[in-house]
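See the structures that follow.
Across the two complexes that follow, chain A remains constant while its partner is chain B and subsequently chain C.
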Partner chain A sequence: MTRSDQKHDGLATGASTAAVASGAAGGAAVDVPSPKVRTINRRFEFLYFAIRNNKLILGLSIVIICFLIAIIGPLLAKYSPFQYTTSYWSPPSSRHWFGTTQDGRDVYAQFAAGMRSAFLIGTIGGVIASVVAMLVGFTAGYRAGIVDEILSMVTNIFLVIPAFAVLLVIAGFLHNVSIPVEGLLVGLLSWPWAARALRAQTFSLVARDFIGMARLSAQNSWRIIFREIAPNMSSYLFMMFILLFGGAILISATIDFIGLGPQFTFTLGKMMNEAQTNSGLLLGMWWWFIPPGIAITAIVGGLYIMNVGLDEVFNPRLREM
Partner chain B sequence: MLKIDRVTKVYKVGTFGGDEMTAVRDVSFDVNPGEVISLIGESGSGKTTVGRMILRLASVSGGSITYNGVDISTLKGRKLKSYYADVQGVFQDPFSSYNPIFKADRVFKMIKDAYFPGMSKAEWRSKLGASLEAVTLDPVQVLNKFPHQLSGGQLQRLLIARALLLDIRILIADEIISMLDASTRIDVLNLLGELKSRGLGIIFITHDLSLGNYISEKTVILRRGLIVEMGATEKVFGNPTHPYTKMLLASVPQLHRKWDEVAKELEVSDDLLIDPDAAKRVYESVGEILAPDALDSVLVETESDHVVRYSPEEAKEKMKSPAKEKKKSPPARKRG
Partner chain C sequence: MRRYFARKLLTYSLTFIAAVTVDWAIPRLMPGNPIDDLLARIGTRCNTREQCDAISSYFYNVFGLHKPLWVQYLTFWKALFQGNLGISVMSFPEPVSTLIKNAIPYTLGLLVPAILLSFWAGNKVGALAARRKILDNTVLPLSYTLTATPYQWLAMVLAWTFAVTWRFFPISGGYDPLRTPSWSFGFAGDLLYHWFLPFASLFLVQFGGWAIGMRNMIIYELESDYAHYLEALGAPRKLVRKYAYRNALLPQISGLALAIGAIVGGALVTEIVFGYPGVGSLILSAINNKDYFAIQGIFLFIIVGVLIANFIVDIMYVIIDPRTRIGMQGGS
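Entry: the complex of A and B
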């Protein structure tokens, strides 16, 4: 001890007790459980709650069934969706599983194609919206200050403009949009709420010291965002994608139902539009509009139920136990 | 080596960022090689904020911090990286210093990837081993574990080991002792002593006066973001001048002496002993002297290597007093 004047030698006594304490502590090395066991436990815990969560299982089953129909369904179709057969107006039969339209096209073929389109547009729209939301949300939350103010302003503008009306105008203006273009448009207009949520989450994570540690380790901003911040909200990002995916399917179905969707590809919304414009409803052709209606409800509803279940699994406080 | 020059930090607070809060005001000191500086002050006095500004994790609102003559706020990219090769820190809260979803030794991997990308595995392992040994950690016990599987003290020592992987010149140690038990505390203090003798400059942030006294050459006493007293540790502790410093010292419990002896020695008046509320009043009046609006208070050099904050009237008095006239150096700094 360098300056142990009598006033402040509190530490000297501390040091001597320390010597005693170290002797005692030396013998009592506590066994720490091996890390491997704990890691497995953590993952196992997730699975444990996942397979016991009825909502998750129900939602996931519905979505998987719909997905299988989208993949396998078109392969089983005996006709092309645009092909005119000689049987008009026929209810479901062994030749036409879902019946035919008033001009003789096979409803099952249209339905199977529409299922495929739904998943395609959900994926494109969901991915694009997620990417934009992540870019905007992460940047605003991480950079803060003036960058945040500008990005938040842009987000709020997108949030308040009636996105659906804009979509209608653009879709009407473009005439015949393809599925990817429709997905792009839907994606570009449905990210704002997700961006705002990500920004708030990023804000709270940036204040944590491990972000400072990463900076002190000469990590650049993108590495910090994608290797420190994003992994911390992986469950959140996953749920966000599911919601954006379902949202894209629902929005595009509405556009298609109004008749502004793709002309040369079948979608579930387009089927309902044709059933409507050709008086399928009035003529009692339930086989024409019921399948697409149920399918849209099933996919979107299944995704939402799944999301609620996931929320409970990821967020222990919501578990009913 | 490192020069903190009239640094101020203003935080925007309030719902719309309308209000301002000055966490650090007009703080100046230098850090030289082989020197330990304790930054002492109560909770909220701005110690961590000073450290974060030096580490460039917070921007300065006024004044400047220069390292080897370069203003650190201008550093970017590769230059910033080489600044961090020289200047490292250990944060106050070890639990928040680790990304909870990754294993704790990831902090080492980040250093390797950034600073020793070409080093062979064996070489790295022995380097890491040496670092862990310096902080008396057993690699088997701490490597390959998640942060929640380690204790606060272990996590904190891992962070010290991390900083030691680099050949640093300056270490900012924010309350690194408070998490440790008595035995590891001595180990870490000895380690800091060894680093000091190797020529490191250490900024030792603490609210524990005896620790500060034990380890440091220089002491800076902060209160509400202002330096109230600063100088060579033996002078600040041996001849505490500012009422706040006196009170801090008086409030350190001392095993072999009674409060009244201490108080007498520190010239705390008798009524404080009888009436605890009076002590509180003194404490508050000290606060008043240093209230954020006391912008005109100044630091006066009372002896060489010892400056104390006075209100302007007191400062004038001090400068007139015969004792001061012998000194060549005028008041250290005045606010402009």
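Entry: the complex of A and C
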């Protein structure tokens, strides 16, 4: 344990001296070689721990398998998700891998399309939420003072208003949302906790010497934020994105389940909604509602486990040694 | 203490104002015309252009849509303070507030026990699992699976297993439709019988999150200086863990405040799966019937509920953490 602690401290000081060096040089990059060598070493070190971390490997494998299903799955489907076939209410068979719905549509085709939608929603929602969280969090943490007060107040307001409730009203009045619009709405409503966490992280970094040096050299604020602050929490940002990605999939599944999601595309939530409204439960049609739920649980759970693994890789204190 | 609560109350009142504004603005910003929808719904047949115009202008006047926007906004607030959320279209002429009032007991009856019990049990089990190999290896994977599960799906799986396949529990409703609601043990038992599955479903999904959080916090606390110091003094492990638990509970309580919104969402979809007569089922029928007043009213109701719950958590935090109390009474 003590050994890993020392290593951690060594890493931290190494990173900050590198940053101070490039900051003092004012971007002219005079003595670049030594910091560069250091960053490469660091990267290899993370890789070294990454391939030895079971949680990361497990989570990543689950997510990659789901991703492959989303990419390849629809190509293998023999029917279109909306196509009515002549076999109704049939359990899984060689013709219909996941069986059919009560009105004769192929569940596998819907499932494969739903997987694609899930990754699309997760990506759009995750990216948008991350961008907003970074804008708000960095600005509030870096500027401090009145700007911070206002941004924090806005963040707290958005934090309390449940995202799904706002989505409920918006989607209730929109007659049909497409997947990108749904992703956009989810992203615009799920950033607050991330912004708050980033603000706190930024606060602690701004107090460091190398940021002070960068400020002294009269660099542009956004340049300091993106060249000095953001790289020092890149691991944190990546983990934040993973959580926002999973969160977007879960929120959109709730909205789709209530029946407010896209009408002309299949999503996993919509499959559960159709199974529910067409009495798939009462008829015991488990092949209809079990797969979408397993898929969501696998993607989101895989992301969570991956996140824990990443945390251990990036944070030497958590490594099991 | 007063400053802390003043600040919290300011945030919550601003949140409320923002929510009301959103609630007021969304129907007016959205494409399509609610009046046309309404006319299509009630199926007015008008033969000539004049007749149609007359009918729709009548409705415009009734809803005050011809007035300037700021007047509409103020009217909206005024109606709100009179407890008037509009008249429901789906169960005309029932006011929306009555519909919500009838649904509240069921939703609260599900939510409050599920939140409290899962918070308690999740924290206890998470604390037990921390630094105990065998327990950790079973509790942790289970918790990660549970916390990644969509609420509605776990509800469907439970309903399918225990209500459709094995018939241990009823599949839908808040009570047996053959009974008339009354204050009797028989009816209470029936309520409990219908309540159990939705409750269990809500409980399980939340349980996972609390167990993971507490397990991680306990490990973090056991690494801290005071824990090492106590160990060095020869304090029994049980005592060290007890202190670690108390400290680990605080971030869990802040986590509870953050989670309430999502939990309410989970409760609503769980109700939909079980056809439980709470706010969730009300939302579903409001959406299916395009009952905009009901959707708007339920939205506001959810926001107010979440705000109140957050405030209760804030108070709890102050009661539990002595440091905030001292800090707020004038300490630095």
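Note that the second predicted complex is superposed on the first by the 280 of 321 C-alpha atoms of A that agree within 3 Å, B and C clash if a C-alpha of one lies under 4 Å from a C-alpha of the other, contacts with A are read in each partner's own complex, and residues count from 1 in each chain.
The definition used in the following text is that a residue touches a chain if its C-beta (ideal position, glycine included) is under 8 Å from a C-beta of that chain, and two chains touch if they have at least 3 such contacts.
Computed from a predicted structure; not experimentally measured.
Asker: Once chain A of both complexes is superposed, is A:243 in touch with chain B (first), chain C (second), both, or neither?
Answerer: After superposing on A, A:243 lies clear of both chain B and chain C.
Asker: With both structures superposed, pick whichever of chain B and chain C touches the larger number of chain A residues.
Answerer: Larger number of chain A residues touched: C.
Asker: So, A:219: does it touch chain B (first), chain C (second), both, or neither?
Answerer: A:219 sits against chain B, while chain C stays out of touch.
Asker: First (chain B), second (chain C), both or neither: which does A:107 touch?
Answerer: Neither: A:107 stays clear of chain B and chain C.
Asker: After the superposition on A, what does A:210 contact: first (chain B), second (chain C), both or neither?
Answerer: So A:210 only meets chain B here.
Asker: So, does A:257 touch the first partner chain B, the second partner chain C, both, or neither?
Answerer: second
Asker: Is A:189 contacted by the first partner chain B, the second partner chain C, both or neither?
Answerer: Neither partner.
Asker: Contact-wise, after the overlay, does A:62 reach chain B, chain C, both or neither (first, second, both, neither)?
Answerer: Touch partners of A:62: none, neither chain B nor chain C.
Asker: Applying the document's definition of touch, where does A:313 land relative to chain B and chain C: first, second, both, or neither?
Answerer: neither
Asker: Touching A:120, do we find chain B (first), chain C (second), both, or neither?
Answerer: In the superposition, A:120 touches no partner, neither chain B nor chain C.
Asker: Flag every residue of chain A that touches chain C in the complex, lowest number first.
Answerer: 153, 156-157, 159-166, 168-170, 172-175, 193, 246, 250-251, 253-254, 257-260, 269, 272, 275-276, 281-282, 284, 286, 289-290, 292-293, 296-301, 303-305, 317
Asker: State the interface residues of chain A toward chain B in the complex, per the touch definition above.
Answerer: Going through chain A, the ones touching chain B are 1-3, 5, 7-11, 13-15, 17-19, 21-22, 25, 32-33, 35, 38-39, 208-210, 212-219, 228, 231-232.
Asker: Over in the complex, which chain B residues touch chain A? Could you list them?
Answerer: It comes out as residues 52, 55-57, 80-81, 84, 88-89, 91-93, 96-103, 107, 110-111, 114-115, 141, 144-146, 149, 159, 181-183, 185-186, 209-211, 213-214, 233-234, 237-238, 249, 252-255, 265.
Asker: Which part of chain C faces chain A closely enough to touch in the complex?
Answerer: For this pair, the touching residues of chain C are 11-12, 14-15, 18-19, 22-23, 26-27, 30-32, 144-145, 147-154, 156-157, 159-160, 164-165, 171, 223, 258, 260-262, 264-266, 268-269, 272-273, 283-284, 286-288, 292, 295-296, 298-299, 302-303, 306-307, 310.
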